[in-house]
Each structure stands twice: as C-alpha cells, then as structure tokens.
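Each of the next two complexes has subunit A plus one other chain: subunit B in the first, subunit C in the second.
So, the complex of A and B:
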C-alpha cells in the first residue's frame, strides 16, 4: 500500500538544492527546484551508489558528487555516461509547510 | 591487414573512453584498441585504495567485455605496439601484425618512475599486477617504507596502515603533496596520517637502501636510518613516449600535442597521461595532466578531433585523492595562483581558492570526510571555466553560497 510519508519542512531545502531523507532503512533525495517545486528520487546514484545529496543541483539537474554523472531529478532520467540507469522517482506533495513523499 | 580505420594504442582510462567516444560521435568504420596489459582494461585509482586494502579485490574493469562487442570495438589485449610508421600510416604490433590506420590515437599513459638504487627490491605501483605483488607482502606487522609523499605514496601508506602495517613515509620536500596541493590543505592530510600512526618524515632524502639479514635499511640523508621489510616508491611518473619518440614525433614533457590534441605527425593524436598540450584557460601554458577525469575527457576530446572536430580541449583540470577517511579534491592549476582566499565552513571543512593577478579564480582545493567538498569544488570549477573574477571577501565568507558567485564578473 503506497503511503504518504512526511520527509521535511518546506524550508529545510533551499531553492535549487537537495537534502537527504531516510525512511525504513532506505535513502531518498528530496529536491526543491528553482521555482519551488519539490521532487524526490532514490538517494543513491545508479552508477556506484554514492549518496546524491552531496551533489550539486543546477536547474532541474542533480550531478553526482563522485563521478559527475547527471540526472534530470524531475523524471529520474540518467543523462549519459557514466550514469546509464535512470533513478527511481517518487511523487511528492506539500501540505501545511511539510513535504510528503509517496512510498510503496 | 585489416581495412584502415581508427586505431587507439593504449587501453587505459583514456584509450577506452576514446574508442567508445568514436562510436558515440558517429564513426561506423573499424575501431581497434591495442593494449599491452593482458587484462580487460581496468581502473587504476582503486589500486592504491580499496584494491590494496582487500585481498579479494580484483581489477575493477572500465567496461565489461560485452560493451566492446556491442560497440564493435576490436580489443587487442596483451600486445604492445612496437613500431609506428607515420608516413605509411601503420602500427606494428609486437606479435608481428601490422595495423593500418586512417587516424591514430596514442593513449600510452605513463609508468611509475623507478628509483635509482640497484640491488634492493623496490615495489612500484602502476598496474594491477603491481598492486597484487605489493599487497601479498602487506601482512599485519610488516614494516613498510614509502619513498615519496605524493598522492600514490600517501594513499598506499593509508592502505598499508589499514592492513595493520607500521608505515614510514620519506618525503624530500618540506611537506607532503608539495607540487599540486596548497600548504594548508596538505597540512590537514599530513595531520591525519600522523594521527593514524604513520611516521611522516619530510625534508630528507633517501640516500641508500641496504638489505640486512632481517629487512631493508633505508638510510636517510639527514643521517637517520629506518629499518623496514618492504620498500615502495611513489616518486612520480614518466610519460610513456617510447613509441612516439622512435617514430620521430615531437616530445616535450610527454608527446607534444596542440590544442586539439593533434601531434606533430599527420593524423596522429595523443591524449591522457602521455601527452602535453597548451591549456587555453592558463594562457596556453603547456601542461601534462595526470588524472582520471582528464584522461577520460581528453579521450573523448581526441575522438572528436580525430573525426574532424575543431574545438580546442579546454576542460578545467580536476582530481581527487582518498586517504584514510578523508577525500581531497583539487580543481584548476594551483601553482598558477598568486593570491588566495580561504573559506572555513561551519562543519570545520576548509576550502582554498587560488587567484590570479587580476583576481580571476584559477584553482580551488578542499579536503573533508566523504564527499563533503564535492559540491563546493564543483562550483569552483564552474567559476574557473567561466573565467570568473569573484569578490575574494565573498569567497572567504561561508555565509555566501558559492553558487551565487556564478553571477560574478568575468575576465576578458
């Protein structure tokens, strides 16, 4: 059963940035786009499982801190070598200043 | 003799990247990748890190065997290219085969610089075979003498210490990592090595090595001597230029290439650790970059040039090093800087910025646990690429996000 899990407060994430979120032993990355839309993806890079939350967000793209693999965090799409496998993404919603992500 | 096509000599980080980049850029003719080492091409950085700590670590391959098949890249492993005739456009392999080429890339890399001491076995670390030979000797309690406090020396010192070996590092310069890392950043790493129990001796040379009944005496120029069981040298690398020199190519701190990575011979290109080229971000100063990412970026750039691409190679230099639980990242050319700014972040991490005479950002470095400095060093790299002239006070102020400095004025 998918359920909405509170991940963070809206202002825990700066615009055009990312923070980590852990739930039930899994890592997620929560993004805030430059125009204040929230997104969530798997927390680890699909290349060598580095944590993405230490990476740089530019526009709609997160760059992995280890080998600079880039993903479109709005769709999870891997943007080319070294990252060849897309990231899993999760729906988000904002209610009362809290960002929720929907986890299965 | 195969139909001429693209031939790449040297199947390391650079040659492999180039071969795949030829395909990615639309080349459909033959691609042959020739490598002297017998293994499927593998990553070198782990050799001094996890690959030295764990006995079971095998080579980390760059691409799996299927990837070469799928891309229709003919991989010739375990065979050296012994001769090059740039007039006739062919390469001669050590097994007698002759490979014609339309365009040739020399990605022959570098070799570890040997020590000038005879009669005492000294380990070097450049290949997987070197790493296996060394780690067999690193059983707990084995006393290790590392000659050279550069990246490879310090990484392997940390790995040997992790295996329970007492380690002494002897460095000629007044501090470790002298060439490429600013003093205050190198000091953080030096302190970490000392805290891990490593005996770090700077400012003294190794005068002699003498086998004794129980080990090897490392005699130092300052009169002291250290007895160890194993000696490893990490005293830099020498570009692999033998093939190019025999063929009459210009060599200047590596195979001399131009801004498009073309050599002095027609249709012959060079990239990676083996070559030097003029860097447009540093007044066309001739540099030889010895780093993993530069090898990849130059491989990809050379592939584009081989297919007629006009752009000069202009990527900002960048490398990392992992020692104990710390990771160092450096971008730009630190020795080009004449001024500096230092940012002390609230988490204790220090970032160094190197500035040019007109205030242009030319280099940056930082060290911290895990990926703590990755984001900031990446932003510095973007600032360098833009020729940004950021306000030094803003660089030093941890309250100013580096990202906001992307709007800084740029130099002409």
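So, the complex of A and C:
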C-alpha cells in the first residue's frame, strides 16, 4: 500500500542539491531543482551502492561521488558508463513546507 | 616466482576470490572529514582551466611538431620532437585520466572529445580502460582486484624499466587492439568490461587500426619516418615521464588496506610537472575524493592535509623512498613503506579482516 512519508523540510535542501533520507532501513535521495521542484530517487548508486547524497547535482543530473556515474534525477535514467542500471524514482509532493515522498 | 606472482595479482585467480571473501572488494574506504558545503564547492565544475590547459597542450604540440618538421633534415629537430613526444606520450596519460573521470570540464562533450584524443595517444582503449580505472578506484591496490598495480611484490623490474620507453605497454596495447579488431577481449578485460560495452571496444579498435595502417603506409610510400615520429612513435619515445610520475602514486606502499592515506603518495611538483601531470601529484586527495576537478586539488590538499601522512617534497624524495622499497620487495615481499599519520589524524578504518598494508597473504600458505 503506497503511503506519503515526510522526508524533509523544503528549506533543508538547497536549490540544485541533494540530501539523504532514511526510512525503514532504506536510503533515499531528495533533490531540489533550480526552479524549486523536488524529486526523490533511491539513495545508492546502482553501480556500487555509493551514497548519492555525497555527489554533485548539476543541470538535472546527479553524479556519484565514487566513479562519477551520472543519472538524470528527474527520471532515474542512467547516463552512461560506469552506471548502466537506472535509479528507482519516487513521486514527491510539497505540503506546508514539508517534502513528502511516496513509498510502496 | 614469475608465474606465482602473476597468478597472485591476476583478476581471475585465487587471490581475487580471497579478496572478495575477505570483504576487500568494493569496501568502505576511509575519507577525511570535509564540511559538506565546502566539499560541494570543491566539486563544482567549470570549463576555464581545462580549456586553457588543453589549448596549451595541443597548441604546443602543433608548434613543436611544426618546427620539428621544418628542421627535419638537421639534428636541430631532435629537441622539438623530444618535447612533442613528452606531450604526446606522457601528458596524454593525465588527460586520459581526468577526462575519463569526467571532471576536467563542465561541458560533457569536451571531456569526451579530449578523453578520446588522449586515449589514442596513450594507446588505451577508451571503453576498456574506463572500466579498468573504475576498478582501480574501487579496489585500489587490492591484490587480485586492482588491474592497474604497476609495482607488484616482487616487482617485474625488467618490465618497469622497459616501459620507460613503452617496450612492454605498447606491444601489449597493439596486441589488444588486434584482439579487439577481431571482436574479442582478453580474459582480464572480460572480467571488468560489461557485455553491453564491448561493441564500443571493437569499433574503436577498428578505427585505430585503420589510422595506424595509414600512418605506416604513409611512412613506406614517402620513405620517411616522419609520419611514425608524429603519430604512434611518441607512445614509445615520449612515454618516460608517464612512468616517472606514475610510479610515485602507489609503488612500495601498503596493499589490501582500505585507506588511501596508507597506499598512495601525494608529491609536491613544480609548475611544469603539475601541468604535464594535471595535478595528479595530489594523488591521495584524488583517490579519496575522485569528483574534485584537477584544478581544485591543491585547495583540497590544504583542506585535509592535517589528516594525511606528510606529502613528499619532490619527485626525487618520492624516488628515494620507492626505489629502495621496490628493490627490497624483490627479496622480502612482506616489506612495505608504512606511512605514519600525523598526530591528530583520525585512525585508519580497520575492519577485522583488513591489515595496515603489510599485504599478509589472504590465502593461508
């Protein structure tokens, strides 16, 4: 049963940045685009499970801190070697200054 | 000993499985603490420094080659071709490296374009070597996992020395290129290049093969060495600085230890060497935080140097340590250079199965 989980306050994440979010033993990454749209993906790189929150957000792309693997964080799409497997993405919504992500 | 050594360092041998069993593969590596905002600032990309350095690199090559061609009938051409050769055969290594990481430029196609040019010059397939280097960063100096260990224990001394003029690497690169032209990979490449990436390797090899065929045909038809001196040849005669720099990175240091402070050197170099080597002398910093662009590594060094073993003051200082260490390892493979962390540095990460760099055998004798 999907449910909306509060992940962070809108101000917790800077524009064009990413922060980590933990829930029920799983890691997630919450992004804020330059135009203040929030996105969420799995927290680890699909290549070697590095935490994406330590990576660099640039132009709609999150880059893994270990091997520079890149994903489109809006769609989770892997953008070339060494990452070949897409990231799982999660729907988000903002209510009352809080970012929610929908988890299954 | 030769066969045992190669088997030990093989990516498809028993030590590879032992490293996985010991938790050394894809392990959690030590990182110095850097404030999050500062780290994000250091990781920021821009095109300016790499555009400048690439223009200087390629521009100098064009000028030096041009003067060398004009003077080709006299010995005065030698210093110009010698300098051209170093830019082609040695400086290409760090351009391959930086652009392979995708950090040199902000603009992606620039990284990719320079990466492909540099890969050709240094004679490394851009796809296979990207995967090889990815593994090197995941499992740095983990025996049986890292495909880029230059000085094994014991070192292949003749190979190391011959490689200063590319006498091993270049023939191996040519053999691999022919293998790739035929649509095959070596056993080691097959260990780290995913299936979906392999057609790129074969396509590149066919293009490169055609280029070398044209160069050799031009030399034969014109009755001149000039085409080979300009293309391909510098990978031999200009390669020596690649090894002068490259051997400083890890030789003689700890193996099987998940802390770059103990298995990697940072060496202070002058401005010319830093240009040729794209600041890769800040090697501990690069391994610990591979996303920091090369032109920000001096700042990163200042940020974390209190947590690192002292940097070596010069190339000469690094060689004064690494040459005796590598020679001693010819007889005593348990010997390694133990790097002492400064007072106040955080202790190295030590899972129970990981040693401090002594390279104790993972497989009981």
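To be clear about the criterion, the second predicted complex is superposed on the first by the 104 of 104 C-alpha atoms of A that agree within 3 Å, B and C clash if a C-alpha of one lies under 4 Å from a C-alpha of the other, contacts with A are read in each partner's own complex, and residues count from 1 in each chain.
In this text, contacts are C-beta pairs under 8 Å (C-beta built on N, C-alpha and C of every residue); 3 or more make two chains touch, one makes a residue touch a chain.
All figures in this text were calculated on a predicted structure; none of them were measured in a lab.
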- Mind checking subunit B and subunit C on superposed subunit A, clash or fit? clash
- Task: May I ask you to decide whether A:84 touches subunit B, subunit C, both, or neither, giving the answer as first, second, both or neither?
- Result: second
- Query: Counting only touches as set out at the top, which of subunit B and subunit C does A:43 meet: first, second, both, neither?
  - Reply: neither
- Query: Given the touch rule stated above, what does A:55 touch, subunit B (first), subunit C (second), both, or neither?
  - Reply: both
- Message: Applying the document's definition of touch, where does A:76 land relative to subunit B and subunit C: first, second, both, or neither?
- Response: neither
- Message: For A:68, using the defined touch cut-off, is the partner it touches subunit B, subunit C, both, or neither? Pick first, second, both or neither.
- Response: both
- Task: Residue by residue on subunit A, keep only those touching subunit B in one complex and subunit C in the other, then list them.
- Result: 54-56, 63, 65-68, 81
- Query: Mind pulling up the subunit C residues that touch subunit A in the complex?
  - Reply: 26, 39-40, 43-45, 101-103, 106, 127, 130-131, 134, 137-138, 194, 196-197, 289-291
- Item | Contact set on subunit A toward subunit B in their complex | 14, 16, 50-51, 54-56, 63, 65-68, 81
- Touch list for subunit B against partner subunit A, complex: 20, 293, 370-372, 374-375, 378-379, 401, 403
- Query: Once bound in the complex, which stretches of subunit A touch subunit C?
  - Reply: 17, 48-49, 54-56, 58, 63, 65-68, 70, 81-82, 84
